[in-house]
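For clarity, chains are labelled A, B and C in written order, and residue numbers in each chain start from 1.
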């Protein structure tokens, strides 16, 4: 077996770390840790982007690495931590499906994601194409997390993590999206979090809790 | 010549069985004379078959018996020889035990039992040497029927009768599938010899259909999930030697059949056939061991553990087929070896355990784990011999269960070179399930052994328990020695099994090491296991520790009451019951079980806690099916009017229709 | 097999025997420092072993011979395991006969004897401990096996020294699967050695015990062997971790006495670091409820399986 070049190994390691972090988020009940894990995921993503930028020499990748660092490692986690403190939601309640069950489903999802990514992998020629499967897994796992959690806070983190997956997927399939799109997405995420932050306060004011099952009572009764 | 010898021995078994009818009520004749004689024949059979296995040749014989124009074809080849060795060697130990076990006044008279028992043995032997579908199925049915009668030995109990019925039903569902499978495999030649089936060219679709039917048929006999439901009912119902024989040997005839059909009769296998036994096998491992962990009846627990072990065997078969179909012959041989090895192992260890539960049952009259305990003091022979079986089945090195698991895991580790991408993803999960199953088996076995033999007796009557008799001891010792030998001399066993892998796969597992004590089945990879050295090293370290401690310090011992953190009186009711020990599993895997609890009220003066666990599969699959069958039968029953003229009308109408058809065509 | 190989072999076991109590002492010391307590002496475990060996053994009246055999088996299994794990050199004569799967089997054997002995006297705490230990074991054991298998697939061998040599040779670089299995391994290590968050080794509350509940009935030399066995177990697990994830410093191949001389300080440094790390983990985490343990270990198991999957997927 010929050893892969170092940068490629590093990229693979980053991809594996992203997946690892996704699973760590899946198994985590504490909202604070969840946000921290999200920040670490952002950092790994930034590192991977930087690595790719250095390898391919594409200038806009440097920019998006910097953007990732600023937004996903620093600003959003700070914002979320502040929200947590203000809203005093430190723990999620018992998830809808227990952790082991969620993880097993996650395992199946990973296999599925890789099967799904197989045709894309064959089409692309980038050095990072083996990571596409991981990107798809990260997206789906984040989705899974959003499904199984009760607290709105965890769902927001899930949503953000999903965006990480999409970003990583675009990066490994075609060395990143066009800069405009990327900036747009970053702005979207920012706005979404801010809107959701406002929304949280509204929910809490209305129900005195952030547990989303209260929203079920909004349904019209027949 | 060896084949003739084998046939003579099978006839000998039949003769012994008939001799039991001379004085059917005599325990001395059957127990002290006929059963030990049957054991001798068993050992002789094992010897003959071993000679044939080492010779590696194939013998054929056509006996003019059976249907006109279809004489019975018999054949002794390496594959049958292995299973004959298994049959002979383990049934020898079981027969010896049975000689001391069967007593008068327990259901059927001993002479009759002797006949059924030896017919059962002989029919299993015939299944293994049959070389045409007709004699195979006849032997298969005799096997099913004789074992049915053995299961319902105590036919006065309604639950035993219903267990027997369930067994018979499943056996026949399986037999129908086998019949259909053989029907497909003859491939239009209408010759039902196995030779013709080997020569037949089936289209891929038909071949897959034959394989699937055989999988269902043999799976029903072997206890593959979801066709395993009869096993946990029939095994506890049968007398212990019969349970041992059914679990240790009869399940293996189904494995034999699967190997015969999948790897021999159908020609070179297609790799994706292997996925069905692989996935079902993995499922069976997990399912069996989970249910074993929550049982409270010691024989039911063992029955579920048999289900688990059959899962391991079928996983091995699946892997063999996947590898063989992908052209990886050396690895396929390794997987096949693991399969066969596990069959041998399971025959010895499970027989040992079932017989041990028989002794416990005789000594205490209890099958319920909640009423046993502390028997290691009263029954040291049974307890210490059972410890070997317990450790072996839990896969503890250097005993035999470990060897086959080691081989299976090694063949799994090769699977990353498979040319099929999707299967590659399944392999790690398979490996994980096998490992999880092995660890859970340890859990089950600690529970089994700890609750029966260790701790304090849970009932006062246990103080009267007595150890087993000498014939029983000999039988148990033989099986325990078998476990040890299979564990310590894997290389010799593997050498002998080489003839089978050569016959079925066309490759042998190479020996990469020059040492006779070192198992190194993978050339080019530094992978090896030497049980003898392992045992020696363990013993050496343990003995050194013992002597070291004795020499350096003192060896004073004082006996006192149990400390128990100073909580005062320790009563037997403070120990975990079987339910208690299984609680974590029950809690963790709740969704697998259908649990019915009766919790005592807080103010209850004599609180009783009861829990009943059923398989969901009954409600999900079997009850709807049986309901549908019943509805169908009720619909058909409308035809039954009771008036003779109506019946005549039916006949008349049928006749008219037939005549009309004849007229039109 | 040269004489030096045999010397390495014996040396590994002797070093393990000698260093295992010190490792535990070191972990306890670090823990005390981190928690702002005055630390006990590094030699405390030795003194308690010595004291225990001198005491007269008291055995429950209804204990069977199994109860008396078990400490020797447990201890012997752990010593032998120390001889199989390449902590200093990789040319170990014993390893030919026992690969990593056999090592896991050996650890399982120790566990079985320990749990059976715990059930032998028939006290409430004994069976409670046995049940919980098996609950930990049935998930930790396959998890450990899966962790080892990731490394086995990377280096195509199940023999630990071969794995270590392959990983230490460096041309492999980073393996993504190993990242997962490393996390899984740490979780398994905590659970198997009765550390916080799974079990509290210093607890005095019987209802929360796992390991301690099993050895409650033991006293004097039997208890000493059980305790020493537990210390060896911790040492062994840490060394398995080194063999799989930090193989540097181990004398590979026929290096000779010089290699060994390098290996011993390297091992000492790694042990010190690992002990400090362990103390840190124990300090920052809180003990879990017992029924959370399967979840914790299930996570470990699934991480290990994921490691295998990722290894297969990212196409070695």
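What we mean here is this: contacts are C-beta pairs under 8 Å (C-beta built on N, C-alpha and C of every residue); 3 or more make two chains touch, one makes a residue touch a chain.
These figures come from a predicted structure and were not determined experimentally.
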item: Most remote chain, CA-based centroid, reference being subunit B; value: A
item: Chain closest to the middle [Cα centroid of all protein chains]; value: B
item: Where subunit A and subunit C are represented by their mean Cα positions, the distance between them in whole Å; value: 35
item: Subunit A and subunit B: spacing of chain centres that average the CA atoms, whole Å; value: 49
item: Junction residues of subunit C - those touching two or more other chains; value: 294, 305, 309, 313, 316
item: Residues within subunit A bordering two or more other chains; value: 100, 107, 111, 114
item: Of all residues in subunit B, the ones touching two or more other chains; value: 425, 429, 588
item: Complex interface listing, subunit C residues touching subunit B; value: 53-54, 56-62, 64, 66, 72-73, 75-77, 79-80, 83, 94, 96-99, 101-102, 105-106, 108-109, 111-112, 115-116, 119-128, 130-132, 134-135, 137-139, 141-142, 145-146, 149, 152-153, 156-159, 162, 206, 216-217, 219, 221, 225, 291, 294, 301, 304-305, 308-309, 312-313, 316
item: Of subunit A, residues touching subunit B in the complex; value: 100, 107, 111, 114-115, 118
item: Subunit C contact footprint on subunit B (complex, rising order); value: 373-374, 376-377, 387, 391, 394-397, 402, 405-406, 409-410, 413, 416, 424-425, 427-429, 431-432, 435-436, 438-440, 442-443, 445-447, 449-451, 454-456, 518, 525-534, 537-538, 541-542, 545-546, 549, 552-554, 556-565, 567, 570, 572, 574-576, 580-581, 583-584, 587-588
item: Residues of subunit B touching subunit A in the complex; value: 421-422, 425-426, 429, 588
item: Touching residues on subunit A, where the partner in the complex is subunit C; value: 1, 3-4, 6, 9-10, 12-13, 15-17, 19-20, 23, 27, 98-100, 103-104, 106-107, 110-111, 114, 130-131, 133-134
